[in-house]
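Here the chain labels run A, B, C, D, E and F in written order, and each chain numbers its own residues starting at 1.
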Amino acid sequence: MKLIIAYIQPEQLNEVKQALYEKEVYKMSVTNAMGCGQQKGYHETYRGADIEVNLLKKVRIEIAVNDDFVDVTIEALIKGARTGNIGDGKIFILDLPACIRIRTGEKGPEAIG
Amino acid sequence: MKMKWLKMPALVAAALVLGLASPSWAQDAAEPEAVFDAAAAVSESAYAIDNLFLMVAAVLVLFMQAGFAMVESGFNSAKNTVNILFKNMMDLCIGMMLYFVIGYGLMYPGDGGNGWLAFGQFGIGGIGADAAEAGALAPQVDWLFQVAFAATAATIVSGAVAGRLKFGAYLIYSAIITAFIYPISGYWKWGGGWLDGMGFYDFAGSLVVHAVGGFAALAGAIVLGPRIGRFGKDGKSKAMPGHNLPIAALGVFILLIGWFGFNPGSQLAIVGKDNTDAVMLIAVNTLLAAGAGGVLAMITTWILHKKPDLTMAANGVLGGLVGITANCDGVSNVEAIIIGAVAGVLVCAGVKLLDALKIDDTVGAFPVHGLCGMWGGIAVALFGSYDGCSSQAIGEYGNWVAQITGSLVIPAWAFLTMFILFTILKAVGLLRVGREEELRGLDIGEHGEEAYNGFQIFTTN
Amino acid sequence: MKMKWLKMPALVAAALVLGLASPSWAQDAAEPEAVFDAAAAVSESAYAIDNLFLMVAAVLVLFMQAGFAMVESGFNSAKNTVNILFKNMMDLCIGMMLYFVIGYGLMYPGDGGNGWLAFGQFGIGGIGADAAEAGALAPQVDWLFQVAFAATAATIVSGAVAGRLKFGAYLIYSAIITAFIYPISGYWKWGGGWLDGMGFYDFAGSLVVHAVGGFAALAGAIVLGPRIGRFGKDGKSKAMPGHNLPIAALGVFILLIGWFGFNPGSQLAIVGKDNTDAVMLIAVNTLLAAGAGGVLAMITTWILHKKPDLTMAANGVLGGLVGITANCDGVSNVEAIIIGAVAGVLVCAGVKLLDALKIDDTVGAFPVHGLCGMWGGIAVALFGSYDGCSSQAIGEYGNWVAQITGSLVIPAWAFLTMFILFTILKAVGLLRVGREEELRGLDIGEHGEEAYNGFQIFTTN
Amino acid sequence: MKMKWLKMPALVAAALVLGLASPSWAQDAAEPEAVFDAAAAVSESAYAIDNLFLMVAAVLVLFMQAGFAMVESGFNSAKNTVNILFKNMMDLCIGMMLYFVIGYGLMYPGDGGNGWLAFGQFGIGGIGADAAEAGALAPQVDWLFQVAFAATAATIVSGAVAGRLKFGAYLIYSAIITAFIYPISGYWKWGGGWLDGMGFYDFAGSLVVHAVGGFAALAGAIVLGPRIGRFGKDGKSKAMPGHNLPIAALGVFILLIGWFGFNPGSQLAIVGKDNTDAVMLIAVNTLLAAGAGGVLAMITTWILHKKPDLTMAANGVLGGLVGITANCDGVSNVEAIIIGAVAGVLVCAGVKLLDALKIDDTVGAFPVHGLCGMWGGIAVALFGSYDGCSSQAIGEYGNWVAQITGSLVIPAWAFLTMFILFTILKAVGLLRVGREEELRGLDIGEHGEEAYNGFQIFTTN
Amino acid sequence: MKLIIAYIQPEQLNEVKQALYEKEVYKMSVTNAMGCGQQKGYHETYRGADIEVNLLKKVRIEIAVNDDFVDVTIEALIKGARTGNIGDGKIFILDLPACIRIRTGEKGPEAIG
Amino acid sequence: MKLIIAYIQPEQLNEVKQALYEKEVYKMSVTNAMGCGQQKGYHETYRGADIEVNLLKKVRIEIAVNDDFVDVTIEALIKGARTGNIGDGKIFILDLPACIRIRTGEKGPEAIG
C-alpha cells in the first residue's frame, strides 16, 4: 500500500475530485495548506506598509491506495491538477505498511477502500 | 416623496395667514406684538420639528449603506470582501460629491423644465428656507435626505456584480448613475417631470430608487456574465455560498431600521395631524410588509427545498420593504401585509428565474429591488386609496395607465442606459478581471489586501 | 409605560380646555378664529413631537432585534449560527403578524375587561388619534412601540435554547408567546388589569417584558436539557465557548442603544416640562445602570476567576439595563448606579447558579432577563420615589406587597405556561434535534446552510 | 458646542419676556389665563424639541462606541480582539462613572472659576431646567451628551495601544483621562475657561475631544514602543494586517452615523430658525467632509501604492469627519469638501510619518484624531465665517492667534500629561505585557478567552 | 519508531484524547481535515441552488511512537473513535526512521516522548 | 529522498523560513496544527466555566528534500525554531521513495526542487 500526498492549486480541487472519481478512487482526505515553491508570491500593502506574501494557498490531498491503484491515482491527480503553470504542485508517494479501518478493525488492503 | 408645498398642515397655514396677513385683528388686540410673536414661535417650533424629523430620517437612510455593505459582503465569498466593502464605501463618497455638483440640480431643477431633462443649479442653493413654518424644509436637509436616496440607488448594484467587476469600472458606473441616470428619472417623477404630470405615483421610491438600482444590477450581471463555476458544464446552477451570514443578517436588520427613515421620511413633514398620522401609518405598514415578506419567503423555500433558507428569508424581508415603498401611505395595514407577502414569493421566483436564465446576481439585487420595485408600483394601482389619511384623492393615483407606464419606463431607462455603459466598459476591456484574479479573489488582485488575515479559508471555488 | 391619559401636560391641557371648551373668551377677542388657530397649531406641534418621539423610540427598540441576534449567535458555536439568526429574524416576522392579529387586542382590550383576560379588537383600530394634542398617540405608533416590546420578550428565549431546539418548535413557541402569553400578563399590568389595580408598578417592563422572556428561557432550558458535553460525566460544568465575540460585543452596544428607546420611550410623551425632564432622567439612569452593571460584573469575574471575563461583563451591562427598566423614572442617578451594580453581581451569581443546577442557558438569558427583571421589580419598592419628576405619589408604588406580588406572579406565569408548552412539544417529539444533528450543528441539519462557508472551523465539541 | 444661554431663539425669547413679564397686556385680554397658557405651551413644546434633539444626538454619539470597538478590533490581529473589545466596553462603563462623579463638575464648574481649574459639583445637579423654554436643557440630557463626548475622547486611545498594553494599565489610563485630563482642557474652552476667553473656537471638538484622544494615543504608542515584529531588523516597516475588515468597515459606517449626533447635536438647540438652519448646514457639511476625506485618501494610496487601500480610505473618511468637527457650523458646503479633502491626504501623510518615526499606532488614531483635529482648529481660522447662519461674528473666531494657541495647547496638554502617566506605568512595570503573552495574544494572556473559538487562525506574526 | 496517522470524526476527539491519556500516550498533533469516503455526504442549498457536500469535516491526528507503544496507541485510537457508524475513520501507520527534539537536539526513541 | 515533517511554535515560522532560505531550501508546505506534548496547556474560562486547553497552536512544516539536503535542512529548522523552551517542537523524517512534479511530470530527485 502507498500513501499519496499531493499539493495542488485550490481552484483545481474540483477537477481533481472529478478525475479521481472517474478512476473510481473515492476516498481521500483534504487539508488546507500554504506552500512556498518556484511560484512567485505577491505583495500586499496594509496601511502603507508592505507585506511579501510567499506562502500561497494550496490544498493538500492524502490518499491511501493499494499498490495496483497507485498509477491510476497519480494519473488522475495529474489530469485534474495540471494547468501547465508554475505552482501546479507536487505528488509525494510514501510506503504504507499498515492500515486499519476504525469501525470494523479490518486491516491492510481491505481497510483502504 | 411628494412636493414640499403639499406638506403645510392646514391649521398652521391658517394661523400663519391670519397672523401674518391680517393686521386688522392684531390691531384690535391690546398687545399685538405678543400675539404675533406667539404665532411666529409656533411656526419656528413646527419648522424645527419638521426639519429634525427629516434629518433623523436622512441619518437612518444613510445607515442603510452599512446594511448594504454587510448584506453584500456576507452573501459573497471571503476572497472578495474587501472589494465589496470598498465599493460600498466609495459609492457613498464619490456619489455624494457628484450628486452635490450635478445630480441634485438635475433631479430638482425647479419650475420651468420641459419635463424630460432640465438643470437647476450646482450645489445646494440657499442656506435657509424662506420662512420658518411647518412643512418648510431647509435646503440643506432636503439635500441630505435626497443624497441618501441617491446613494441607495447606486449601492444596490455592487452586490449583483461582485466577484468579477473591476474596481475602476465600478467607480465609473457609480459616478454615472448618481450624477445622471438616477437624477434624470428621478426628475420625471419627484422633480415634477412628465411622469408626475401624467399622475404616476411612487411615494418613497419603489421605482424611482429601487427599480433603478435593481435593473441597473440586472444589466450589469448580464453584460458581465456569471462567475466562473457558477453554472456547471451541464448548465446546472451551482451554489457559491456566502461566507459570513451573521453580518449579512445584521445588514438586513440595519436595512429594516433604515427603512423607517426611507418611508416615513418621504412624507417630508410630520407637523399637522394629517402628516403625523400618515407618518405613523407608513411606519407600521413598512414593518408589516417586511414581516410578511420574510415569512412568505421562508415558507416558499421550505416547500421548494424541504428546508427553510435564511438567505432567502432575508431577501424576502427586503423584498417586502421594497414592495411597500411606493404605496405605504395609501394602503391599510392588511393590504401592507398582502403586498409584503406577494413580494416574499416574488423574490423566490425571481431568484429561480435568474438561475434558469443563467444570470448570476450574487445577492439577489434584481429580484429584491427590481422585481419587487415594479410590484410596488403596480400595487399602488391595485390597493392604493388616498382619501383616508393623506390629501391625495384616490382617482389621482389609482390610475392603472400611469402606474404601468411608470413601472415600465423607469426600469427600462435604468436597464438600457446601464446596459450600454457596461457594454462600452466591456468593449474597452475595463469591465471584468482576469480568470486568475477572479479565482484568487479580487481582494488580492485589486487591493492587495485580505479581509480576514490569518484565518484559514478554503478558496476552492 | 403608563396609561396614555396620564401624559397630557397640564399647561397644554389647560390651553386646550380653554381653547376648545370656552367659547366665551374667544368671543371676546376681536378675531376669534386666529386665537383659536394658534392654540390648535400648538396642539398639532405637540402631537407631532410626541408621536415622533415614540416612533424614534420604537425604531430603537426594533434595532434591539439586531442586538439580540448578534449577542446570541456570537455567544454560541459557529455550527448553530444560521439557526440562531433565523430564529431571531422569524420571531420578529411571525411575532408581529400574530401580535397584529391577536396579541395587541388581548393586551390592550380597553375598559371593561375583568382584569384577567379580555379581548379588544383584531388589528390596530382607528388610523388617527381622536384629536391632535400633547400626549395623544396615533394608534399606529402605539402599536409599533408595543410590537417592538412583544418581539423583545419573544427573542430573549432564542439564545437560551440554542444548539438543540428544533426550528419548528421555536416557531411554535414564538407564535404562542407573542400571541398569548406576553399579551395576557401584559394586560394585567399595562392594559389596566388586576396587577395594575393593586398598585403594582413596572415602568418599562423589567417584569412585563424581560422577566417573561427570561423565565420562558429558563423553562425552555430545563425541559430541553443541556447540550451534549456541556456537563462532564463527573458533573463538572464544561465551557462551550462562543465563536464570535466581536459581533457579540457589537450586539451589546446595539442593545444599549436600543434601550434608549425602550426606557425613555415608555414615558409615552415628551411634551410638557414634567415629561421632558422625566425622559431625560430616564435616559441617564439607563446609561448609569448599564455602566455600573458592566463594571461590577467585570470585578466579580476578576475576583472569582483571576481574569476579567468579557462575556460576563457584557452580561453585566445587559443585567444593569434590565434592572433599571422597571424603576428608571423614579430613582435618582446614584440609586440607578446602585441598582445597576447589584444587577451586575446578580448576573454572575445567576450564571454560577445555573451551572450548579446543570441548566444550560447558553447566553445567560435567565440571569440577565429573569433574575435582573425580578430585581428591577423589587427595586421599585426599595428605591422608587415618585414625587420628584413624575405625577405618581410615592405611596402608590412604593408598595412592597404589590411589587413582590407582581415580581413573583409574572415570572411564574411565563415559566409555567412555557414549561407546559415545551413539555408538550417534547412529548410529541418536536422539541429536540437528534444527537448526530446536534453534534454536526443545526445549521446543516435544519437549514442545509453554513454560516461561514470556506472557513476552517474545529467542531470538536 | 457653545454656551447654553446663546441658544434661545429671539422670537421665543421675546414671546416669553412679554408673556411672563408684561402683566399689562394679559390683563387687557378677555381671558388672560388662556393667552398666557398658549405662550407657556409654546415654550413647553420648544423645550421638548430641544431636549429630544439633544437626547437623540447623545444616543448617536454613544453609538460611536460600537463604531470604535469594531474599527479597532477589525484593524488588529485576531488574537487581541477580546482585549480590544473589553477596553472599549470598559472605557465607557468606568468612564461614565468617573465623569459622573468628578469630570462633569471639573469641565462645567459654572461661573467664577479662575479659567484654568475649577470644580462645580459632584454628580449632575438639579433634575429639571429652571424653566421650560427653547434652548433650555434639562441638566440630565446635558450630562448625557457630555458623557458621550468624554467617552469618545477616551476610547480613541484603545486602538493605538492595542496588542501590548496591559488591561489594568488601560483601565487606569481610561479613568484618569475621563476624570481629569479631558474635563480640564474641556473647561478651558467649553466650560468658559481661558481659551474661550481669548476667542478660541472649536465648535464640536476637533481639538477638545479628538486631538485630546489622538495625542494621548501618540503618547501611549511612543512610550509603549512598537509591537514585536512591527519594524524589521533592517528598520523597515512591516505590515501587521487587521483580521476582520468587514467589521472595521461597519465600524466606519457607524462612526459616520454617530457623527450626525456629534456635530449637529453640538448646536445644543434646534428650535428657532437660526438653530434649525445651522443644524442642517452642519449635518451636510459633516457628510461632505467625510466623503471628500474618503475619496482623497483612496486616491492618495492608489498613487502611492498602485492599489487603492480600503483601510486608508476608511481612515480618510474618519479624518474628514474629525477635520470638519471644529468648524462645521461656519463654513460653506464647498469649504467643507476642501477641509475633508485636505484631511484625507493628511491622514495618509500621518500614517507614513509614524512609519518613518517607527511609532506603532495600530489603527491610525494619531493621524485621524490628532493631526486632523489640529487641522480642524486651523481651518476655523482659514475658512470660518460666522455671519451667515449663526450668531457669532467672523472677527470673534476667525482669529489666527486664538486658533493657533488652542490648536497647540490642547494637544500639548493631552500629550504631556499622558506621556507622564504612561511613563510612570512603565516605570512600575504595569505597562506592557511580556513577550510571550504578546506573541500568543492578549486574549489568552489577559482574559483567558478567545474571540473566535474553533476558527483556524494562523498566529505566525 | 512509527508515525501513526488517524482520521476520526471531529466529535470523537475528546474521547480519543481520554483513551490515549489512559494508555499514557500524551503527545500528539492534530489538524483540521476534510474527508471523503464511504460515508455519504449531504446536500446544502444556498439561495435555491444545490450544493453536494461530500468532503466532510474530519480531524487528523498524527502521533509518533516508539515501536512498543504502537499497539496500545492503536487500541486507544480505536477505543476512542469507534461508534460503529460509517465514517468512523482510518488509521495509517508509517515507518519513522528518524526523530529529533528541536529543543535539545535529542534523536531517535528518546526524542519521541 | 526524505520527507521532513516539523512541528514548531507559530511565532518561529518567520525565523525558520529565514534559516531555510539561507541554506537555499526554498520549497516547503505549511499547515496550521494543534499540538499536545510536554508543554503545559493553559486554562481559559468562559462565562464562569473552566476549559483546559491542552491542544496548543503549532505550525506543521513539510519539506521534501534530496538526501544530500537532509542535514542542512534539519540544521536550519533547528536554528530557526529553537528557543530553548519546552514546546519548541519535533522533527520527523520519513523515507520518500517517489516524487512527481505535477506541471511537468518529472519524477524523483529532479522533481523535488
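The definition used in the following text is that a contact is a pair of C-beta atoms (placed from the backbone, for glycine too) under 8 Å apart; a residue touches a chain by one contact, two chains touch by 3 or more.
All values derive from a computational prediction rather than experimental measurement.
Number of steps on the shortest path from chain B to chain E, with steps defined by chain touch: 1.
Chain pair with the larger contact count among C-F and D-F is C-F, by C-beta pairs in contact.
One of A-B, C-F or D-F repeats the interface of B-E: more than half of the contact pairs, counted by residue number, are shared by C-F.
Our note on geometry: chain B versus chain F, Cα centroid distance of 54 Å, whole angstroms. With centres taken as mean Cα positions, chain E sits 48 Å from chain C. Averaged Cα coordinates give chain A a centre that lies 18 Å from the centre of chain E. Shared contact sites, meaning residues of chain A that touch two or more other chains, fall at 31-32, 44-46, 94-95.
Within chain C, residues 29, 35, 38, 42, 45, 49, 52, 56, 241-242, 244, 247, 250, 305, 307, 309, 311, 448-450, 452-453, 455-460 each touch two or more of the remaining chains.
Interface note: chains touch in the pairs A-B, A-D, A-E, A-F, B-C, B-D, B-E, C-D, C-E, C-F, D-F, E-F. Contact residues on chain C toward chain B in their complex (touch as defined above): 29-31, 33-35, 37-38, 40-42, 44-45, 47-49, 51-52, 55-56, 58-59, 62-63, 65-66, 69-70, 73-74, 81-82, 85-86, 88-90, 92-94, 96-97, 100, 123-124, 127-129, 132, 138, 140-141, 143-144, 147, 167, 244, 247, 250, 446-456. Of all residues in chain D, only 236-242, 301, 304-305, 307, 309, 311-312, 315, 348, 351-352, 355, 364, 456 touch chain A in the complex they form. The touching residues of chain E, when paired with chain B in their complex, are 32, 44-51.
Considering their complex, residues 10-11, 13-14, 32, 42-46, 57, 59 of chain A touch chain B.
Chain B makes touch with chain C in their complex at residues 9, 11-12, 14-15, 18-19, 22, 24-26, 28-29, 35, 38-39, 42, 45-46, 49, 52-53, 56, 60, 77-78, 134, 241-247, 249-250, 252-254, 256-257, 260, 264, 270-273, 275-277, 279-281, 283-284, 287-288, 290-292, 294-295, 298, 305, 307-311, 313-314, 317, 333-334, 337, 388-389, 452, 455-460.
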